[in-house]
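Below you'll find the structure, written out as structure tokens, and then a few comments.
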């Protein structure tokens, strides 16, 4: 069984996890200002929106689909939150409305993909523009900043005496739910099957369309939750909130070893990818690495994330091959007649 | 409170908008040396901000303090800007000079910084007043809005349709100027001047380009365009100079001399204006140092001396006005290089 | 046992040979659908604003589409092979700047264009090598190179910018000039488009791109040099992105470190709207070009109709979804017809 | 005709002491083989014996780890399938490898289209040549039709046409007949004979032993990757060949148990799917094995798909145990006790990138649950049980099914469905690509299941299998049921007459 442990060791999600640990340890040791509670809470707080969306996105990508409209959905729910708040509605009513709106956004994506059979990449590029556009119509040029302070404090504050933002605790709960759902329930199992071969999954009696619809809806819900969190965390609801967040999520999830062809990957890897990118950016900023160089580093990491496992596999295959290779031929080759 | 006991906008109205101030100013305090001021522009690599920040760097060198610049490479990455504020806080700089991408989003982080004894100066784009010590305004909104309408009216002989090509719909300073332009247009002497449309080019060359095309197609009688943004005016000028409208449709607004030199010379544009961004940066730097030295605290009415630039008085809400913008024409444009 | 010579084969006896070429017809129907949407849109706009199709108006429409058409043409080649190149926006930006820097120092415009194309080829080769030799997912690799090239670009460019004033007058005039309503740039794009389409249809290596996108494993077994073809597709895509960069410079007379930022999504949208399928193997460059024309025209149509720019983004998105939905429904109809037809003679 | 080697003719293509391993699996061990011009050579062996690997080595897909490939007596190294093709070797792979988006004509001539001036493709010549090939194979397929949606059999025919279109000196065919019925096979053999007479060397693989005896002159047998024998077929019996392959004697191939049918389990009434099949009605009772026979494209698979719910039907009804099924819902069909072993194991039967264990577990996601979570222990033991019962040959149960040989993949599909303990089992070509030994095993299983009260509907193109196993034979022709033949009346002639539409329905 040496092979199993070998392949396990070179699995990319494990590597990303290890890398995260190494980066954290090195930073604690050598980077000024990294290890204190304030910075850590900044780091986690700023990474949370990406991590929140990465949860459903991982599930979606495992099942072979993608949703690029997540950032726009977040922006839209933030915008609606701002607009309703300006109307004088109570925040306790507004937030559920926003979440419901996210469900609707996700449902629209899901219906377009499952009922019309459109490719999700194309559909969500479309809804990415549409949702952002609606956000612009809803809120226009307003920037709403006067949300009640107890909510702002929850979204931006941290548990007294620790570095943990309040919002990190609910996230951990969601993470646990997502991990169990993907890796231990029949639903998760069937998502892997759908991602690897949709037709075979359908022939195995898996309700492919329904499950995809559920996933898209969940993604919408989580995106709007992120939108609400974003508006409160940054105390600012604008129509262009979270612009470009989809690319960060996709980059982080890819870095975590989720295969965009579907059917592969672990949630742990994806979340490790999210926090690895977040930590690296934090450290590089502290070390005065310019934004431009940070972009290059992100790019190089992405390329490595796909090249490295490939190379590792090649090496391990070569090794296994050498072990299994027959001993040098004992008999001389038959002479040609 | 409302009937159902939830929280509404009404409930949170009490917080007043006032510049953050602390302690008492000592106008005669020694100007400290060896301070570090972190500049955080809206966008790094943006030529306008680069000139401004260079102005700040020069001033700091003179004052014996050190300068650093950080920032995002996108002008709309608010989250990125927040994390840079956090980083500067972590690095314990003495003051931050920031041009805010969003009036509210930076607040928590900036307050956090001020709590850690860091002075905060905003320049070019302000945040909510309570999130900074002082704001360096490039020119009063009044000056900018009114002079542009006056210039345009003069060029088109006080008669005809005009339009505005702005940046993003959310740009706070743009919107303030546009309001003042509309107000100025109420003056009876502009009774024949009609503002037909405000278009938004999002500070994107290509979008501004197409918005200009759209304006001209939709309003065939358009006589002039005011574009109070450097990206917008440049794109509009480039489109006009390559189209049949060149010279017929007037263009004015805010632009940099280097961008606009060609169009002034080839007759597309008669005049445009701008403040000197280097001076803006310099004043931001000097204000930051004055704050750190305790010479001012950001209260209305305090005065301080800003080197060669002379004496400045802090206005309402901690706003400091840079002064009147410069008008550039074919005659003087070659004297400037920024 | 060579293929029996055609004269011996009574081809007319084979059912279906008399009918028009079915595969082609499906492509054409998709393209026609997009063309129809485009024409209807233009007609409505013209009805609402008679200035829209003035000489200047047509010229603007064509000019706006040019650059996107070029990049979308290159992109479709890559997409046909079941890959994608997300780095086109960054490539466009950096090659535009390279050409600008060269021209700023008094260079020859033709050489500048070549320089931009060469730069594009370089990055195309890089992508192609990573994807074909590394055999790694194109989406990730090119997202990576998107960042890398963008980063290098902004480090190199810094806060510099090239403006029309820095460029030779002839070059800038070329960017907006043309024969009456037809701009030079549009002619260049058209030439590239027609040549590419002809190549894809008439040459073995062009068909092989479709084959390997349709079924990579089968392509390998059929002895198609898969890596070489993928490399070629990426190189071509990069070259066109580079060319588009040079034309961008001529057209807008303005390049800075943000040029081409986010362009990849527009390009991908154009290609998708144009009916080039992301799972590879089908679609045509004409479709992609039409998609590009449609997308850029929406951006001209809405302002021309006086629609507030607040609405533009939302309408854009909804139209995009409509376009792909219509395309899909047409495709389903065709598939159904095919099935029925099949059943009849089966 | 004397044996080619007797006359001193040199082999066109040969393998000498070739070995090939995949990781720890040694697929070929010191195998040698010689192909002579004008000879059809058979390659026999159980599933996983290494036949396909051998072929891929000849075709340049795999590079041997040790040993040599000889072309005209001289060692060659093929760097890819292209090299082999250029050397005049045409290959039909076990699994069809078509380009779904391209037309049939382009599929056939990809990479070597007839050219016009300047290297442009001559589309008309391509079309005409394809039409001629189709005529030669006696099938009606439109050369301009895209390959997407072709049935497995039609795909196989396109593959054959592709191989024939080469000016090949060597034709290698890996189970070309697995999906074909008698008449297509006869056509194919006609063509192969012509090729042989023109001096081509042919290597032929089939698990239908009678085919080997019909067309081949010599046979090479492999067992577990090792070379067993190369010998003339003349004088050998099927039993001899089986003994070489399996290494022991085999029990009866069609171990049909007599069972008295119970009450109706599956009842299909007036089922119609427009343009595909019309007005199909039949019943299958407990303990009964009903075969659904017909020519390729008769619509049998489509009926099975509709009954199971992967396709929707337009009219009619389906009942299991008297309870109607929902249209287009495989999950409810499964819940009602229906199981479908689909025709295309790679696309429909298996998730190729998943492990054997999980593939078998896929149908049990609803049953192997504890507290809402997948019970991994139960899943593993369920998978292991069935993998062992069906004698699947694998290295580790956690290996992906992609590494299994074709026949073993088929066994995994069977295991996956038998593990659900169905009341009604529909099997579509259950023994396609399965070796004789396993085939007998599968037959015994089906028989046993029927004896245990399962209703079995078996779609098969293998006529002996139909006749040997079925209690009743339903025959389809062009989308309609044309005959129902009782076991006692079922003869090859009767079934073929109904299948070709010659019998009065």
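Chains here go by letter, A, B, C and D, matching the order in which they are written, and residues are numbered from 1 within each.
What we mean here is this: a residue touches a chain if its C-beta (ideal position, glycine included) is under 8 Å from a C-beta of that chain, and two chains touch if they have at least 3 such contacts.
Composition by chain, UniProt nomenclature: A = Autoinducer 2 import system permease protein LsrD; C = Autoinducer 2 import system permease protein LsrC; D = Sugar ABC transporter ATP-binding protein.
Predicted model, so just to flag it, every value in this text is computed and none were measured.
Set side by side, A-D and A-B show the greater C-beta contact count at A-B.
Among the remaining chains, the Cα-based centre furthest from that of chain A is the centre of D. A straight line joining the Cα centres of chain A and chain D is 42 Å long.
Taking the mean of the C-alpha atoms as each chain's centre, chain A and chain B sit 36 Å apart.
Look at where the CA atoms of chain B average out and do the same for chain C: the two points lie 39 Å apart.
Annotation for chain A: residues touching 2 or more other chains are 136, 140, 290-292, 295. Annotation for chain B: residues 44-45, 73-74, 169 touch two or more other chains.
A complete list of chain pairs in contact reads A-B, A-C, A-D, B-C, C-D. Chain A contributes residues 3-4, 180, 184-186, 189-190, 192-193, 196-197, 199-207, 263-264, 317, 320-321, 323-326, 329, 333-334, 336 to its touches with chain D in the complex. By the touch criterion stated above, chain C contacts chain B in their complex at residues 49, 51-52, 54, 56-57, 60, 64, 154, 157-161, 163-165, 172-173, 175-177, 252-254, 256-259, 261, 299-300, 302-306, 309-310. In the complex of the two chains, the chain D residues touching chain C come out as 59, 61, 80-86, 91, 93, 97-103, 106, 110-113, 115, 119-121, 123, 125, 127-129, 131-136, 140, 142-146, 149, 164-168, 194-195, 198, 200, 274-276, 297, 478-479. Residue ranges of chain B in contact with chain C, taken from their complex: 44-47, 49-50, 73-74, 169, 197, 199-200, 205-207, 209-211, 213-218, 220, 234-235, 238, 241-245, 258-259, 261-263.
Chain B contributes residues 2, 4, 6-13, 15, 44-45, 68, 70-74, 76-80, 82-84, 86-87, 89-92, 102-108, 112, 128, 168-172, 175 to its touches with chain A in the complex.
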